[in-house]
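After this come two complexes, each holding subunit A, first together with subunit B and then together with subunit C.
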Partner chain A sequence: MEDEQAIKQNIMMELVKKNALLLVLLSLVAIGIASSSSFFTPYNWQNILISVSTLGVLALGQTAVMLLRQVDLSVGSLMAFAPIAAISLTEATLSLTGTKVVQGGNYVTDGLFLIVVFTWVVSSLVGWLIGLVTVKARVPSLIVTLGMLYILRGTAYIFSGGHPMYLTRLKGFKWLGTAKIFGFVPMCFLLFLAIAIMAILLLKYTRIGPRMYATGNNEKAAVYSGVNAAFWKIGAFIFSGFCAGIASLIYSSRLESVEAAQATGYELASIAIVVIGGTTLEGGRGTMFGTLLAAIILGLIINIISLIGLVIWYQTIIIGLIIIAAVFLYLRKVRRRELIG
Partner chain B sequence: MVEKALLEMKGISKAFPGVQALKSVDFLLRKGEVVSLIGQNGAGKSTLVSIIGGIYLQDDGKISIDGKPVNISNPAVAEELGIGMVHQEPTLVPNMNISANVFLNRELLHKGMFLDFRSMNEQTINVLNQLGFKLDPETLIEDLRLVEKEVVEIAKAMLVKPRILILDEVTAPLNTDEADHLFNLVCELKSKGMAIIFISHRLTEVVQISDRIVILRDGRNVGELLREQDPSEKDIIALMLGQNAFETHVDTGSIGFDGEKVLSVANLSKKGFFEGMNVDLHAGEIVGMAGLKGAGITEFMKAIYGALGTDAGQIFVRGGLVGIKKPADAIKHGIGMLTNDRQKEGLALQRGVEENITISSLDILSNKLKFFRTRSLGIQAAKLIKSLSIKTPSLRQEVMNLSGGNQQKVVLAKWLLRNLDFILIDEPTRGVDVKTKTEIYKLLIELKKAGKAILLASPEILELISICDRILVVDSGRIIKEVQRGSASFNEGSILEIMHVDHLSPSCRVGPIGALI
Partner chain C sequence: MNNIEIKRSTLKAFEHMPRRTELTEAREIFSNSLLLLLFILSIVLAIGGIFVPNVFQIINLANVLRIVSIVGLVALGETLVLLTGEIDLSVGSIMSLSLVVGGLLLDHGSGWALAVTLMCGLLLGLINGVAVAFGKVPSLIMTLGTLSVYGGLANVTAVGQAKYLYGLDLYLWTGKGYILGMPVPVVIFLSMIIICFLFQTFSKPGRTIYYAGANNLAAYYSGISVEKIKIGVFGLAGLFAAMAGPMYASQTNRVTPLQGIGFELSAIAIAVLGGTSIEGARGNVIGTLLGALIYGFLLNILSLSGIGTYMEQVLKGAMLIIIVLVFQNILGRRGNP
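== the complex of A and B ==
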């Protein structure tokens, strides 16, 4: 009988370890319900889901990059640069047809379609550029993206003339940030979910998965097997840029404005999410699903803390502690393996 | 009837920074042939097969397959040409499972897009069964033993049904039964027309299994032996050494030594590396250690030095038991080590000569206030630079700018400054030019005469012969023989024989070409 007990306990432990993130998420929901009556209201959940969307999308891109043992510090600045550059490009393009995009100093009034498209294109191109420099010039991605962080921020200021651009008069722009399906589920969250699911499926069920994981975990083995490591690295940066573009659209759509200083520090938050989700810095380990859960977990934590009435700085303290604890626990699991093998 | 050549290499040369690995090598391979490639470490075997496998591109020379010239620019091209390669060290992705590794870059898909896990797992099991191993294809590589990793590597190469299979030192981690099984497999593949290039240090098995044996020495193809000639291990060693094995003339001083046992290692063991090692060092002697890569010598030395942990065993200094858990402990007891990777483990490359020489003696050279007397640091360093003839423009010259030989002298100076009694040296003249080599040998003899005890490991048997008083031959983590200076076996040929001729006797006995007995 006692043996049975021990075996049951072992199985429980295994289950807990495998589904740690999910359990944390559920516990947070429980804590949330317990701590405030307004937690489980539609309004509050919409807030959570919306705040999850922006950083979540960013984190998905960052996951791809970190799985390949790289890091992308430029995404925060890219979130400011892409829409601003897109507006300038739209301005230039449409002025050829005589349409005025920006009126009254900084009110954007026209060119919705082009602005949205250009944002994606610009952010993806920047990602591609970063990938090229990292792979061909062989400069560590930490340095390339750090440099771009500054370059993009500065360029954003120059392009926007240093003042914010308001999009309140741009018809349709606020749709992405405020629309709700069935009057309830925020559109931007669905977009985040869609990208997340696609990323999860692609990595798990197509050739993309093994080749990326191999490149990140043991590049030498990957190259010996004929995998084109350079291609995947550049691809990951393009995806990260793409995600930064989408994130910037969600963000600016909510606030209905674009300014050069926006999203400062977002790159670090995205790395935090990726790391809490189980992707390690050495590459080749981690999942998109983990990132998805971690993004929601972070959103829950931020929400609960403000509901309890604590000042915002408690958030940052707790998040910092969680990052360190999470990585410590993940690495312990990996190291225990190494000892046995 | 002589079969047409499947693979033909003519005039292949390849240089790496500082060394000419291959010098105009010709190599031929026919269908259904097992050709063994033999040579000492550094002779160029791995370089040659790496070129065939597309990992390196030759500087000079032509390669043709089936008579048609080819340019094997990367591993993918090699694979397309029907070349399968099993590397010396398993090159697998640790965080992915066996099936995923075997099918990396040639994943099976259904509906043209989605990974077909079931088929991949099935085929993986099939190939593994053929190799005689039962493994769960979903096991992660990092959870496998070294042997199993080797098998996965072989399975990977076999999957594309290559016409040319390169096996680089694959029997090294296998036990007798496992190796037997592999040889049977090789025989089978051979009968099906596969051409196999077999690299091994185990001459006994080489003799049994090869149709031809090609020997490389110093990057040149120095000859081949055919099965018809009924070659013996001695014949192979003779070609490995060559006719003009020169003698380094170094006066080794008296053969005998003080007799005082100053450093004793008893029953030192570390699972997976070495077992039951017993070594006694006496004052005024140089003891050599010879063995193949992976014999455990480097690890053994590092264990004495405290850089590696052990499972069992004791170390005695002058009769007293000492506990050495880290290099600092070893240094306190008078033991210093020059490892085989001075750049990573012995020097601070971007720091100056003086700093590197004095770094381990700062406690001796500081005054009562724990500040070091900078002037005395410089004076001491200069003294050693002079006595060791270290060529450097100044005390502050960054060590990375010195030649290999002088760098090695700096590491030696570091320990001499502390006047340690025991020095462990692994590969003393790796990357050192000929002139400095002789200087280092002379230095070591001087140290010996001054009463120090030196343990010297080297892949160059000649080196050990010229300065050691006795040589311990190590195989798979055990000392199998001790050879004293002055005895009949104290020569390069005999020691090589001890190292290479061994206990592994394959059961696949192949008669005249193609026939299986």
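== the complex of A and C ==
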């Protein structure tokens, strides 16, 4: 009898441990409802979902990179560089046909399709370049992406001349950031969800997943078992760059402007989400689903903090403490499992 | 018969090893990374001297050396942390927070303010160290967390406002004063470099920093207290960051909670430029001195030649990647311990 109870208790504990993130999310919702009357209103939820999607998309890319025991510090700068470079490229391309893209100094008026495509291409290319230098030239990704953080930010300033570009006269550009599906769910959140689900499915049901986890866990063993570790690493960086491109589109679409200083510090926030989601720095452990939940959790925390009326300074303190606590707890869990065998 | 076959097989086993060629000889000349750094520094100075003669004006030299010393001091602490195989991203925030906490005591005189600033930096560094050594939290995450915690606390403590440093002669002297014709920051930086160099080369605990960085487990089994070393280097990194704070603050006559932002990246860049590997156990503080000089003069030459601040950022990043690329591929995976 006692055994049965113990087993039941164990099962309960396992359930709690496995769904810890979900429980945290639910308790945060409860805290939110308890702390502010305006928390559970459709308008506030729209705000939360919108604010989640930019950082969430960024964190999905970062997860792929961190699963492979790498880190990408350049995503924040890339979020400024990619759209600015795309606008410059579009301007150069369309000037061949005689269309003026930038009018009145810094109003972008034409070339929506090209801007979007170029943003994707540029951001993926930058990711590819980072992957190439990391893998082929054996420079640690921490250094490559730290260097790229400076390079991309500086180039963004040079391309834009330091002043913001306004996209208010670009028809259709604000659709991504402002459209609501069914009159409620923000389009950008659906985009984030779609990318997340795609990533989850790819990692779970195709051969991509095992290969990436194997490379992240033990690169040497993976290479000897026939996994093309270099390919997957470069692929992860390309995915991260691509995600940064999409995040920049969401961000710029929300603000209807592009600025060289935008998204400063987002690289750290994205790493924070990934870490809260349970992807460790040691690689090979963690899930995209964890990142998805963690992005919403962080969005909820920030929302609750500002609803309570704490200044942004307290946000940074609390987020920092959460990062440390999350990693501390995960490590304890992992170590206990390893001790057991 | 047997013998010959054994010899053949041994030869085969050694076949993949590099033969001694001109290339390996060239590598050996440059394998002393300090020589390479001196070479780069002289090239930078030569280019600067040719294209921008103003670099060598006394006033400019003093300015460059002053800034180099301030950033270099932070990089010195970062170097020690990197040598143990850890990383400290929080040095910038430590600088801000300790400056602001010390700034609370500005009314009681410079002495108190400076003392409290240093104590605060040491304490914040030790907190990092204890969490990394005993809590086993990876240093990248721990210091990423404290980067935002300390940064936020600095803003909360100062309520986002600046404090002005009027009439605080001792405080201002740390940044603007001269000892025997040398700017005070330069004197402090050089003496700290010398102390750290002597400590690393000639003292037992100094040597153990490398052992801990090279192989944690081996160091542990050899009876070295890896925990103590890690706590120590993080404490020193905090102390050096706090030391650089007042010098930096007195350049602009005010203490603000945003003063240290970005110092962590510059510090890592300088340490890595100086040949310190982020994987630990490779590099030394003299390299950091040279790295800081290269960094400072390069940026100074760039801004004097009117290329513009934006281009500076680009070149700073490119320089970081290229130099590590050179260290990794030309010098191979070995180097000065």
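The rule is short, and it goes like this: the second predicted complex is superposed on the first by the 334 of 341 C-alpha atoms of A that agree within 3 Å, B and C clash if a C-alpha of one lies under 4 Å from a C-alpha of the other, contacts with A are read in each partner's own complex, and residues count from 1 in each chain.
Here is the rule we use: a residue touches a chain if its C-beta (ideal position, glycine included) is under 8 Å from a C-beta of that chain, and two chains touch if they have at least 3 such contacts.
Quick caveat: nothing in here was measured; it's all calculated off a predicted structure.
A count of residues in subunit A touched by subunit B and by subunit C gives the higher number to C.
In the superposed pair of complexes, A:G104 makes contact with neither subunit B nor subunit C.
In the superposed model, A:P42 lies in contact with neither subunit B nor subunit C. Applying the stated contact rule after C-alpha superposition, one finds that A:I271 touches subunit C and leaves subunit B untouched.
After overlaying the two complexes on the shared chain, residue contacts for A:G172 are found with neither subunit B nor subunit C. Of the two partner chains placed by the overlay, only subunit B lies in contact with A:Y205; subunit C stays clear of it.
By the touch criterion defined above, A:N217 reaches subunit B but does not reach subunit C.
In the superposed pair of complexes, A:L321 makes contact with subunit C only, with no contact to subunit B. Once the two complexes are laid over each other on the shared chain, residue contacts for A:G226 go to subunit B alone; subunit C is not touched.
Across the complex, subunit C is touched by residues 71, 133, 137-140, 142-144, 146-155, 157-158, 162, 268, 271-272, 275, 280-282, 311, 313-317, 319-321, 323-324, 327-328, 331, 335 of subunit A. Interface of subunit B with subunit A (complex): residues 55, 74-76, 79, 87, 91-96, 100-101, 103-105, 107, 109, 113-115, 142-145, 156. The residues of subunit C lying in touch with subunit A in their complex are 87, 131, 135-138, 140-142, 144-153, 155-156, 160, 265, 268-269, 272, 278-279, 308, 310-321, 324-325, 328-329.
By the touch rule above, subunit A contacts subunit B in their complex via residues 205-207, 209-211, 213-214, 217-218, 220-227, 284-285, 337-338, 340-341.
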